[in-house]
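Take a look at the structures listed below.
In what follows, chain A forms one complex with chain B and a second complex with chain C.
Let's look at the complex of A and B:
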C-alpha cells in the first residue's frame, strides 16, 4: 500500500488530515481557568498559608500538563519516547533542587 | 556514515505512505532528531530555572529592612503579564496547527501575533523593573531582590531571545515557504515558547502570588 503513494510527489500535495483548533481552544480555556482559580484562592483569602501554597503548586503542575498535552504534543514523536524520559528526569531534578534547598536551609539561621 | 546519509537521503526523496501520514515536522528523520535534541535542551534549561527557584525560595525572606515582596508587587501588573503570556502560548500553538495544515498565511499571522504579545510582555516587565528601581528596590539592595531580579530577569531574557528567534523564523517561512525544515523550526520555537509559559506560571505562583499573600 505504501508503494502506491511513492510517486505522488510531483502531483498535488499529499493528502493530509485537516486539524481543527479544538484541542488548542480547550487547552487555552483550561490554562485560563486554572490561573483564575489560583488568583481567586490567593487574593480572596479563602485558605490558610500552608494548604494555599500546596494548592497553588498543584494548580501550577496542572498547567504543565495542559501545556505538554494540548500545546506541545508530548505524546508524539519519531521512535521511542526519549524526550519524555528526559523531561521526567529534568522535572525530578528540578523539584529535588528546589524542595531540598528549602528543607536544608530551614535548619539554618536567617542571614540578612 | 556516508552510506547512512545516502540511505536517509534516499528515504527523503521517496517518502513512504507511513512518513506522509506523520506531521510535516516529523516526516524527515533528520528533522525529527533535532526535535528530540531540543526536548533534551528543555530538560536542562529546566535545571537552570530549578536552581534559580531554589535560590529565590531560600532568600525571599532576607530583605535586610528593604522593600518586601508584599510592598513591591503590583497585582494588576503581574496579572496582565500572566494573561498576555498565556494567550501568546495559545497563539504560538495555533501557528504550529496552521503549519500542520500547510497554511503558510496563517502560520505567518499567528507567529506575528505571538511576537507582538511577547513584546508587550517584555515591555510590561521592563516597566515593572524600572518602577522597582525608582523606588529603591535595586538588585543590590537585598538578597531577596538579587534572587528576584535574577530569576525573573532570566525568564525575561529567555522571552526576549524567543522573540528574536521567532521573528527570524517568520522571515524564513515568508521566504522559503513551508518545508520539512521550516516546519521543524516552527515546531521547535513553539516548544520553547510553551516551556517559557510553564516557567512563568511558576514564577507567577511562587514569586508573585506567594509574595503578595503569604
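Let's look at the complex of A and C:
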C-alpha cells in the first residue's frame, strides 16, 4: 500500500499558496529511494527474516509520510480539519490491518 | 488460411465448446448490429457522443451507471438461473462441471462488483449533489473517468465469456487454485485485470464523493442537517477509500505470481496462499458494508417520506452509520475461521462480527419507530422498504449464527452460508437499490414507474426470494456444500433443490416485470410536473424533474434539517424559486471525450495483459499516460452559463 502512488489531483489549483516543482521533485526522489532500499534489502538477502520485515514496515511508514507531506500537503488547508480526522482514522485502519494481519497469519500454516 | 482461422476460432472464440457458445456469439453479434444500425438509422451517433459519452454531468453519469447495473443484473441473474436449472434435480447433465465453475464465478463477481457497485454509484451520482445543494460533484472530470473505468472493466470481464474463456476459480479466486499452474487459461487474468481497472474507478469515486460532501454543501447545511442518504454515502466512501487498496494489492500480487512468476501465494517458495485470503477479505468484508450502507440511507429517506414524519433518532442513525463503517474493518477474519488461526483470533473476530449487529439493530428500530403512528403510503419505494425489514432481520440473525466461530465450523461453505449472504445482499442491497430507483426515477426522467406492474414485480420477486433461499438454509444443515455442480439422488436433497429452483424462476419473472414496467412507463407512466411527486422532504424535491443541467439556478441557504418539508409546512416554498436579480453566471465544467478514450486505452492494456501480448499492453498504458499529460496541459476546461440562458430555462419550467 505504501508504495502505491495514486495521485488524483483535479479541479482548480489552491489559490492561497503556489508551489514550485521543487517540492514534488524532492518527494519523488525520496519515494524512489525508499522503494529502492526496500527492494535491495529484500532481493539481496541482506537481513534475516524478522528484522527485514520490521525494516520494511518502517520504510513503508516513511513512504506514507513522504506521500502526505510532499504530494498531499497535509500541513495546508482551510476550513474544518477534516484531513486530521481522516489521518487519524487512516492510521487506525492501517495499523489494524497491518498488525492484525500479522497476528492472524502468525499461526503454523506449514504443517511440521 | 482456413486452418489458421479454425485455430483462432478454437483458441479464442472457443467454438469447440458447442452450441451454447455459438448461440451467444450470434445473439451478441445481432444485438451489436442492432444497436449500430439503430444509431445510424436515426442519426444518433453525434447525440450519443455529445450528450452521453463525453458528459461530465453527474446526473447523466448516474443514469449510465443505472443502465449498466440493470444490464449486469440481467447477466448475473441469467447465470444464477443457469445454476439453479442445473441443480433442480439430482444428477443433471444440463451443465458440465467446468461450465458450472465458470458460471458461479461470473455470477458472484458480476453481482457484487458490476451490479451492486454501479447501482450504488448510480444513486450517489443522481442524488448526492441535489441533496446537498451543489451543482456537480467536486471533480466532475474524475467522475467521468471513474464511470468509464468501471464500464470498460465490466466489458473486459464480460467479454471473457465469448473471447478466451471465463474465469472459473470462484468470485474471490483463492490461490493456489487461481495460480498459473492450476488455472492456465486467460479467464483468471480477465478477472484480475477487470477488477483492477474498475477498482481504480471505485477508489476515485469514493474520494470524489467524500470531497463533494465535505466541501460543496449549500450554505447553512451543517453536517447534522444533511439528509441521511448523504450521510450513508459519507460512511460508504470512508470504507471505499480505506478498503479498496487492500483488494488492489491482493490482485496485483496474484497477477505478479501469474505473469512474472513471483511466489507471493505459492507455499513452496516461502509464499503463503492464506495471505491472499486475508488481504482479499480485508477488502471483502468492508465491501459488503460499502454496498449496504447506501441502501440503509435510501431506506431512511423512503421511510421518512412515506410515513410523513421526520426520521426517528436522526443522530443515532448518523452515529450507527459511522460506527458500522469503523467496525467493518475489524471483522474480516470471520470469512476464514476454519483456517485455524487459533482460539484468540477467532474469538476477537467473532465478537467484533456480532458487535456490528448492535448499530444495525439501532437502525432497524429507528425505521420501525419512524413508521409508528406515521401516515404510511404504500407506494413502490415504501413497499420494498417494508419488505426489507423482516428479510434483513432474518439475514442478520443467521449472520450472528455464522459469526459464532465454533458453530461456523459446521456451516462454513455450506448452503446455509449461501442462503445467509443472499438474504442480506438481496434483502438489503437489491431491495434498497430498487426502492431508491423507484423513489428517484421521477427525478431522473420526469415520470413515475407504473405502480400496477411494479406491484406484480414486487410480489413475484419477494415470494420468489423466500421460495428460493429458505430451502437453502435447510440444505446447508443437510450437508450440501456450495459450488457442487451436481449431487446424487440418495442424499435426499432433490425436493428442496427443486423448490429453490422454482423460487429462482419466480425472481426471474419479477425482474422481467421490472423491465416491462420501465418500457411501459416510458410511454404511459404518470408524468411528474411538480418535481415533488412523493411529497418529499429534502432539497432534490424542490427542483423540477428532470433537473436542469446546472441543478440550482440559485444555491439555496439551508436553515433546517428536512428543509424542503419545513418550507412546505410554513408555506414558504416560493423562497426556493429563483429571482431574476439573484441569478449569477454559473460556472460549469466542459464536456470531455478523454475519460472515454482513457477507458478504451485501459481496456486495450488490460486485454494485452490478459493474453500476455505485451506490445498491446505497453501501447495501451502509453496511451493512458498521453491522456493524463494532455489533461495536465488543458487550461480551457470550464465555461459560464449566462444568466439570460438560466432565466430562459427557468421561465420555460414556470419557475420565474
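Going forward, the second predicted complex is superposed on the first by the 78 of 112 C-alpha atoms of A that agree within 3 Å, B and C clash if a C-alpha of one lies under 4 Å from a C-alpha of the other, contacts with A are read in each partner's own complex, and residues count from 1 in each chain.
Just so we're on the same page, a contact is a pair of C-beta atoms (placed from the backbone, for glycine too) under 8 Å apart; a residue touches a chain by one contact, two chains touch by 3 or more.
Treat the numbers as computed from the prediction; the structure is a model and nothing was measured.
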| item | value |
| --- | --- |
| First (chain B), second (chain C), both or neither touched by A:28 | first |
| Contacts of A:107 with chain B and chain C, given as first, second, both or neither | second |
| Partner chain in contact with A:82 - chain B first, chain C second, else both or neither | both |
| Which superposed partner A:56 touches (first chain B, second chain C, both, neither) | first |
| Chain B versus chain C as contact partner of A:90, first or second or both or neither | both |
| Partner, of chain C and chain B, that touches more residues belonging to chain A | B |
| Chain B versus chain C as contact partner of A:38, first or second or both or neither | first |
| Footprint overlap on chain A, comparing chain B with chain C | 1, 4, 6, 79, 82, 89-90, 93, 97, 100-101, 105, 110 |
| Residue ranges of chain B in contact with chain A within the complex | 14-18, 20-24, 26, 29, 32-33, 35-36, 39-40, 42-44, 46-47, 49-51, 53-55, 57-58, 61-65, 75, 79, 82-83, 86-87, 89-90, 92-94, 96-97, 100-102, 142-143, 190-191, 194-195, 197-198, 201-202, 204-206, 209-210, 212-214 |
| Chain A residues touching chain B - in the complex, by the definition given at the top | 1-6, 9, 13-14, 16, 18-19, 21, 24, 27-28, 31-32, 35, 38-39, 42-43, 45, 49, 52-53, 56-57, 59-60, 63-64, 67, 70-73, 76-79, 82-83, 86-87, 89-91, 93-95, 97-98, 100-102, 105, 110-112 |
| Sites on chain C touched by chain A in the complex | 138-139, 141-142, 203-204, 207, 214-215, 238, 242, 245-246, 248-249, 267, 272, 274-275, 278-279, 282, 326, 329-330, 333, 339-342, 345 |
| For the chain A and chain C complex, residues of the former touching the latter | 1, 4, 6, 8, 10-11, 79, 82, 89-90, 93, 96-97, 100-101, 103-105, 107, 109-110 |
